[in-house]
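After this come two complexes, each holding chain A, first together with chain B and then together with chain C.
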Partner chain A sequence: MLINGQPYPLDESRLLSELLTEAGYHPDRVAVILGGRVVPRTDWETTAIRADDCLEVIAFVGGG
Partner chain B sequence: MEITVNGRRVNTDSLRAGELAGELAGQERVILLRRGFALEETAELAPGDELQMIPKDRLPGRLELEAMLTARHTPGTQACFKAGRVAVAGLGGLGSHIALALARSGVGSLLLADFDVVDASNLNRQAYFVSHLGQPKAPAMAELIRDVNPYVETQALTLRLDRHNIPHTLKGWPIIVEAFDRPDCKAELVNTALAAFPQCRVVCASGLADMGSANLIRTRRLTSRLYLCGDEVSGAREGRGLMAPRVMICAGHQANMVLRLLLEMHEA
Partner chain C sequence: MDKDIFKLGGREFSSRLILGSGKYPLPMMKEVVEAGEPDIVTLALRRANIGGEGNILDYIPPDKTLLPNTSGARSAPEALTLARLARDMGCGDFIKIEVVNDPKYLLPDNEETLQAVRLVVKEGFVALPYMNPDLVMAHKMADAGAAAIMPLGAPIGSNRGLTTKELVRLIVEEIKLPVIVDAGLGRPSQACQALELGVAAVMVNTAVATAGDPPAMAKAFALAVRAGRAGYLAGLGRTGKGEASSPLTGFLRTEAG
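Presenting the complex of A and B:
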């Protein structure tokens, strides 16, 4: 699978919530785009990510 | 010749803009605009010209001001801006400049939300003045907007937006601008608003601190309903401050994307 265009090793499908933590993101600072839409946070624990998925993870940085 | 001035037909013998100004306004200083552009006094007039005449030294009335905005802007844009309703969430460095840019453009209705109070450390990059120190930002911004365009409807909310109050506070606002400071608050607004409102569009920001090139700040369309402005990496932290120009550039990107959306221009 790809995260932000970079290959990410995934042997078997994984829940989005687990994947984010495993890949080193702060889950409370991101928005996740899959299939052209932002995945609602309430769906993170039920959304399975498969080897052919392309995720875009927007990791917000501070300042405003 | 017959021309139109502020929507009214005028028969005039004046051949140049300066003469016409004298004929119509007497001693009052005015500016004459034709197709979005200010005319020199020596500019020649032509039959059928559609001109706007705006007083320079007093606040124009609502219709005059609207005519001025219409005249100064790209033709055809003003009606869309005037019909626009935009919620600006956060009124710090980003939001204060975004709200002012939208007000200057004549966006009809703005929701202004921030929990915070103007303090001296804000003045390096936020749109406030010394006279606002100690005031809550939302009413201070509404006051600034009144000084720019008193005909913009503003709703000032002193409130910390979060996942619990966003669904009812921002309900019915078709365009939401995320202009918060903290990364978790940014993510919370984007995620909550997109999930709660199936039609709304969100313009958010990430990466505007420090002294990197202005050219690294850009707008990206992430989904059909989400736009992101910033360089996406330059977070504010110790040793990496927030300075007015890059903050304003990013705010300009966000405000411009909002205006584009009001014109149904969907590409970044």
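Presenting the complex of A and C:
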């Protein structure tokens, strides 16, 4: 699978909530796009991520 | 005297300086916010890094209203996705709509911006469109449910000042929404000038971030904005050809005649 365009090793499907923590993200500080759609954080614990998924993990940064 | 405030999305704001958070080392952002005392601070959304220097949210005091922007969006649907991401982060419903397709001058695409306002308003966002100062388009933004109009003073990051002054003046006179000059202001005097015109607020980022002493410049902008607002409220004096300020009668004679 890909996270932010980079390959991420995923042997078996994993819940989104677990994957984010495992990949090193701070769950309170990110939002997620899966297959072009925003996955609300209330759905993270029921959303399974598979080996062929592309995930975008987004955070606030400084900007004008 | 009544409080001098302006309203966005049902909330009241007294500081007329909105600060951007781009281009700073994170710890300096905190100093800049403390010096400029804005009520509203803007942010952007990008791919998250793992590790790194920390998160911008840890450097903005929690009493500030966050105004995420949709920078990076090239179309209305992309702006909507960014708005949804911002809201999912739990930082409120305010969204600065910024849709840009012009890589050279970074000028906003008014047509896509209008469409984006329609999309986000339908989902309950408080939409603040950053736009070219076109009065006809500003009316359409207002009709679409925008909470404010954010005309540019000059291209983003250019520090060139209120080059659109006459067009902004028309929007201030005709649109019954707060007008916030966003982008291009480079000096405190230019922010002051915008407030004298009657805009509700100005938004500044690069002018402060590229200053020799950014916190001191944030303070300078805060003072300029207050002066400009006070001048507007006082009612500017008329302009004319030239007129003596001192009486033209009763002159004394200093030479024996």
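One rule holds for everything that comes next: the second predicted complex is superposed on the first by the 60 of 64 C-alpha atoms of A that agree within 3 Å, B and C clash if a C-alpha of one lies under 4 Å from a C-alpha of the other, contacts with A are read in each partner's own complex, and residues count from 1 in each chain.
Here is the rule we use: contacts are C-beta pairs under 8 Å (C-beta built on N, C-alpha and C of every residue); 3 or more make two chains touch, one makes a residue touch a chain.
In this text the structure is predicted, and so the values were computed from the model without any measurement.
Undergrad: Both complexes share chain A, so when I overlay them there, do chain B and chain C fit or clash?
TA: Once chain A is superposed (C-alpha atoms), there is a clash between chain B and chain C.
Undergrad: Does the superposition put A:23 against chain B (first), chain C (second), both, or neither?
TA: A:23 contacts chain C only, not chain B.
Undergrad: Mind working out whether A:63 is in touch with chain B, chain C, both or neither, as first, second, both or neither?
TA: Both partners.
Undergrad: Of the two partner chains, chain B (first) and chain C (second), which one does A:31 touch, if any: first, second, both, or neither?
TA: both
Undergrad: First (chain B), second (chain C), both or neither: which does A:8 touch?
TA: neither
Undergrad: Taking the contacts chain A makes with chain B in one complex and with chain C in the other, which residues are shared?
TA: Residues 26, 29-31, 33, 36, 38, 40-41, 56, 58-64, which sit in both footprints.
Undergrad: Over in the complex, which chain B residues touch chain A? Could you list them?
TA: Residue positions touching the partner: 90, 92-95, 179-184, 186-188, 190-192, 194-195, 204-209, 222-226, 228, 232-237, 242, 247.
Undergrad: Applying the document's contact rule, which stretches of chain A touch chain C when the two form their complex?
TA: Residues of chain A touching chain C: 4-5, 23-26, 29-31, 33, 36, 38, 40-41, 56-64.
Undergrad: Provide the residue numbers of chain A that touch chain B in the complex, in ascending order.
TA: For this pair, the touching residues of chain A are 26, 28-31, 33, 36-38, 40-42, 56, 58-64.
Undergrad: Name, in rising order, each residue of chain C that touches chain A in their complex.
TA: 20-24, 26, 29, 42-51, 55-57, 66, 68-69, 71, 81, 84-86, 88-89, 91, 156-157, 183, 203, 205-206
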